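Each structure below is given as structure tokens.
Two complexes follow with chain A in common, the first pairing it with chain B and the second with chain C.
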Partner chain A sequence: MSKILKLFLMISVALNFFVNSFAGSVIKIDGSSTVYPITEAIAEEFQAMYKDIKVVVGISGTGGGFKKFVTNQTDISDASRPIKSSEQKKARMNGIDFIELPVAYDGLTVVVNKNNKFIDHLTVAELKKLWEPAAQGNITKWNQVREGFPAEKIVLYGPGTDSGTFDYFTEAICGGSGKSRGDYTPSEDDNVLVQGVAGDKNALGYFGLAYYEENKDKLNAVKIDGGNGPVEPTYDNVQDGSYQPLSRPIFIYVNRNAADKDYINKFVEFYLKKAKDVAKEVGYIALPDKAYEFALKKFRERKTGTVFKGAKIGVSVEELLSK
Partner chain B sequence: MKAKNFFMFFMIFGFVLLFGSLKAELKTKFYGYQWLRYTDIIYGADIQGESGLSIPRTYLRWGMEDKEAGWKAALTLDINHVKGGQDVATSSATTGATDADGSGTTVTTTHTHTYEKAKGKIDFSIWPKYAYVDFSKIPLLKDMQAKLRVGLQKNYFGTVELWEYPVIEKDINDLRKVISSADMGLALLGELPEGYGSYELAIHNGNGYKNLETNVEKQYTASLMVIPLTGLTLRGSYMLNNSASHGTAAKTKRATAALAQYKSYLFIPVELWGEYVVVTDQAHAGSGKSGCAVGYMLFGQFDIMEKMNIVLRYDNWNPDTYVVKDEVNLYVAGINIKINNNNLLQLNYQLEQPQFGGYASTKHINTFMTQLKWSW
Partner chain C sequence: MKEKKLINKIRDNFFPVAGLLATIISLGILFVLIIDVLKDGYMRLNLQFLTNYPSRIPEKAGILSAWVGTLWIMVLTALFIFPVGVASGIYLEEYAKPGKMKDFLEINISNLAGVPSIIYGLLGLQIFVYFFKLDRSVLAGALTLSLVVLPIVIVATRESLKAVPLSLREASFALGANKLQTILFQVLPSAFSGILSGVILSMSRAIGETAPLITIGALTYIAFLPAGPFTTEFPFITLQGLKDYFTVLPIQVFNWVSRPQKGFHSDAAAGIIILLIISLFINFMAIYLRIKFEKYMRRK
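The block that comes next holds the complex of A and B.
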């Protein structure tokens, strides 16, 4: 019996090896639509350099991506939030360890018209009062947001409901993804939002920080008070973790076993070396150089587990990675 | 719960889902799957074999979630193709006689296999298999990473909750009627920190999902799952079912299951399961019977190719520890071929072997099954 079992196992291993050897090198990635632009851009560059390696990048959302990742269907998962306990449990049950690597920051900016002289900063509570579903039809004049603001009509611009930016903003400000008033002008095209706010002195809108940087001359950025005083939306403030709650790191999760495959190892190293430039190109904020160094070190040492889940706001990425 | 109330419960539940799903901010999902099966059974020489095509399972699932409000509902309808030639009824009769020297009891068990020919017409039944609401933002529970599940749901016991049919046969608990796969009740479902496992505490009717509530007592289950190492899962489950109809004395059924599961992707993807189950049932005790059943299931899955795996299973089931010659062995060998993301082809051979059958001629049951599972 044991001979048969040994023979069976040997044949299985040989067959598996044989099949995999001829299957070609395919890197399977899925997950967040927010992280997708970075991963896709890096995958294109990588495939141009390594023509025999194919990288397939899908968009199933962070949760959908983790569903595949924890059942070994993908090698890498794109994520706009840290892994949850329930997802960790499934990964552990299925024998999957992961390496958690931050790749960039996603930052949002609240903007007003250049001629708006009354808004310098807004607190999170004021933003909530302005954007929560209960505000619809009720909060229509600026003096309802804060005493001292003029009794002028509020005009709002923001991304559409399919946007990851919309999900993030509503979650950070209104306390729930998708929780928003509906009486504003939505658009998936950031340029429409810029034009809209630039054309009305009583208008306010929000979109990605990188896009604001390109349109600084047309708009004013609003400082955000997340509890520690008003903070300006700048790359430095995002990178040092002080611009809260409208900035967050975004991640890739690499299957620990898959990382030992030469072509996946090459891709992740390439990713971490290119992420800084690509993040800027596609509208995100790069991590500090030190953070990429730590991430690369973490990957090379194959350090598994999460340090970002439940991390306190204000703790920098480098601090977390150096743990 | 009376039949009328039972019906009303599902009608109301269905309408809540229907109208709720029309609200834009709710996330809804409609999906399902079906099993198309061909079964060929060969018994002993004295019983004619049978074969047939069947649709043993059609699940229609409707899920709805409002993350903000912290609730999630699910309704699964099980459209069951009643006959397909695979239903075999086995009845056993046991007699006990005191030995001539008075030293003990000789027990004789007679097994009779009967089967019903496939009906000449298609016969379906529809059952609500799951119909529940999860509440995840209840104060205190939320902080404990726990949620409350209300309604018709899984039984949180051993493999019965976790079995996803890598072989066509049911898991040992479901197959040997240790516990039903679903039941109505309340459950507290919690997660251990850092993905180290989970726990489940539940009160169910104790009659299974196809029966109305006739049990004036209830069934209590408790399960703890711990994952001490990546890939190694240990689970202990306990069930206490005080079964009593109105006006009758309660009879207690207890079951304990210990499960170990190991998954690894080191050389080839491998999945190994072992479960040991002990059941004591007052309803089956007396007349030369202990009322105690013991069994175990061993299962292995080996992914020899990316889209193909081999599965092997062995069960041993001793229905009563006092009764001799009544153990049953079950051997299963099969191949699963993943045709694409929505279609899985399963080829199974299984041998059910009443190990020391008390009847005149051995009637090993050889079953060949081919099944296509497709989902949408």
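The block that comes next holds the complex of A and C.
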């Protein structure tokens, strides 16, 4: 008797397993770990308001996120750089259209050790001299970067080559995504870069503004001269576009078909309305109000395609969105 | 003469002293690590930390989804690796005939034990997530981790079986038992405490694995739990949770460590403390069960 009961139990368990009874709506998001803190914060707020909608967020990186996005595995992709042509092609092959929405700015910050007295600002040309591929093995002393700097050894820290930050910095400074010298200490963890620069008087590194803001006691930010005099990386300078060329917008990409689902529509609208407050809270810079208006309008009109891919560095987000 | 004696004595004592030094160094590093983590994370250790979901506010952030996910994955992994690992260990040690086939299997299993875990992640992604369409579920995660630690279980099982004295088997055969009976009733029970240690130690490796789970797409932010295994409706038990999304403690810690805000670093430290506690608990279980089993065997 107990054997029959056991068998029955096993069969019902097996049946239960194959019958998917999950009813709730799940919004699937994956992508850049740079955008993650904002998306996490929005998801947290959103779920407090809509209890029956579940939001899940992964951190596969911008590239890894797009890989899932273009094969229809996710509804929204976090991205710290615009979509690439190769990714766009795959999306088209799979019949996926997307809506590209900027959600905040990140100010890439060049930092030096607190005790570094000789670097106050650097021009883009000097940064290029320092970081371009040709510098590898040749530019090793600070006096080679600018006359008057001491003849001390240059020690460099930067993000790894898989990172969107690396892509953007090399594009903005060296004139091509991925163009960089290789003889620096890379790390995917920005806190490691902070430690590195904080521990060496002659070191220089670059990463997102939030990491500088949290470590102001150990690091100095270098003012960047993009042609209009040295500008400090501050919240306001990034937001009004005067900190150039190292301010970059970060994005979410929404699947066009998924956007028509009520719960995803709700989420994206919520995102664009709340992003301004949330961005600041988690260490990023909010876009100007106009930009959020444009983005919301773009989303409501379901305008697909990318306007940021290959856009000239320095053109404002509002300008690009109003096209 | 006297001098030679002294030199001999020094030589004699050199090795134990060097060994002691090595032990102290490794223990010392562990000690410093634990102190450091405790210092950073103790103030975040409270009930709220265990019952809250992740949050953008470090003081409100918790590890509920992470530790429940870890528990799910660990229990399932144990369920998978125990029968499969022990059965293949028994086959290789007791049944497989010496020859090319056995050599081939042996070389492969020892090699598998050394494969970086991220490779298993890629394998799991292709097989479990895409081919079997399990999505990024608890089940896919547990199966992937099972692959990672299976070679360890197999090797441990074989080593424990090897350690069973031949006289025991011969005695069993002499009493008229056949091969299966000998293995099931004599060899396996004698080797069992060793096998158990192997299984549990491999669990404590699995608990810290992050790379393969991130590769198969385990999530980072998730504010709900896999469906529990018990329901109020007939048949009162459900495996729905197997198909739900999940995250695990190491992924949550990894995310917090790389955030800029100091508050998250404290959260990460507190997460590490919880992970250490779980891992210590698993090791403690291994020792306890082994002692218990050995006592039981002796009484028999």
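The working rule: the second predicted complex is superposed on the first by the 187 of 323 C-alpha atoms of A that agree within 3 Å, B and C clash if a C-alpha of one lies under 4 Å from a C-alpha of the other, contacts with A are read in each partner's own complex, and residues count from 1 in each chain.
In the analysis below, contacts are C-beta pairs under 8 Å (C-beta built on N, C-alpha and C of every residue); 3 or more make two chains touch, one makes a residue touch a chain.
What you are looking at is a predicted structure, and each value in this text was computed from that prediction instead of being measured.
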Which of chain B and chain C A:K179 touches, first, second, both or neither: first
Comparison of chain B and chain C by chain A residues contacted: C
First (chain B), second (chain C), both or neither touched by A:V55: second
Contacts of A:D97 with chain B and chain C, given as first, second, both or neither: first
Partner chain in contact with A:K273 - chain B first, chain C second, else both or neither: neither
Chain B versus chain C as contact partner of A:K117, first or second or both or neither: neither
Partner chain(s) touched by A:K153 [first = chain B, second = chain C, both, neither]: neither
Chain B versus chain C as contact partner of A:K216, first or second or both or neither: neither
Partner chain(s) touched by A:S85 [first = chain B, second = chain C, both, neither]: first
Doubly contacted chain A residues - partners chain C and chain B: 9, 12-13, 16, 20
Residues of chain A defined as touching chain B within the complex: 9, 11-13, 15-16, 19-20, 23, 72, 85-97, 175-179, 257
Sites on chain C touched by chain A in the complex: 53-56, 136, 214, 217-224, 227, 234-235, 237-240, 242-245, 255, 257-262, 265
Chain C-touching residues of chain A, taken from the complex the two chains share: 9, 12-13, 16-17, 20-22, 26, 30, 33, 36-37, 39-41, 43-44, 47, 54-60, 68, 73, 188-191, 208, 210-211, 213-215, 278, 281-283
Chain A contact footprint on chain B (complex, rising order): 25, 67-68, 145, 191-198, 227, 230-231, 233, 261-269, 302-306, 310
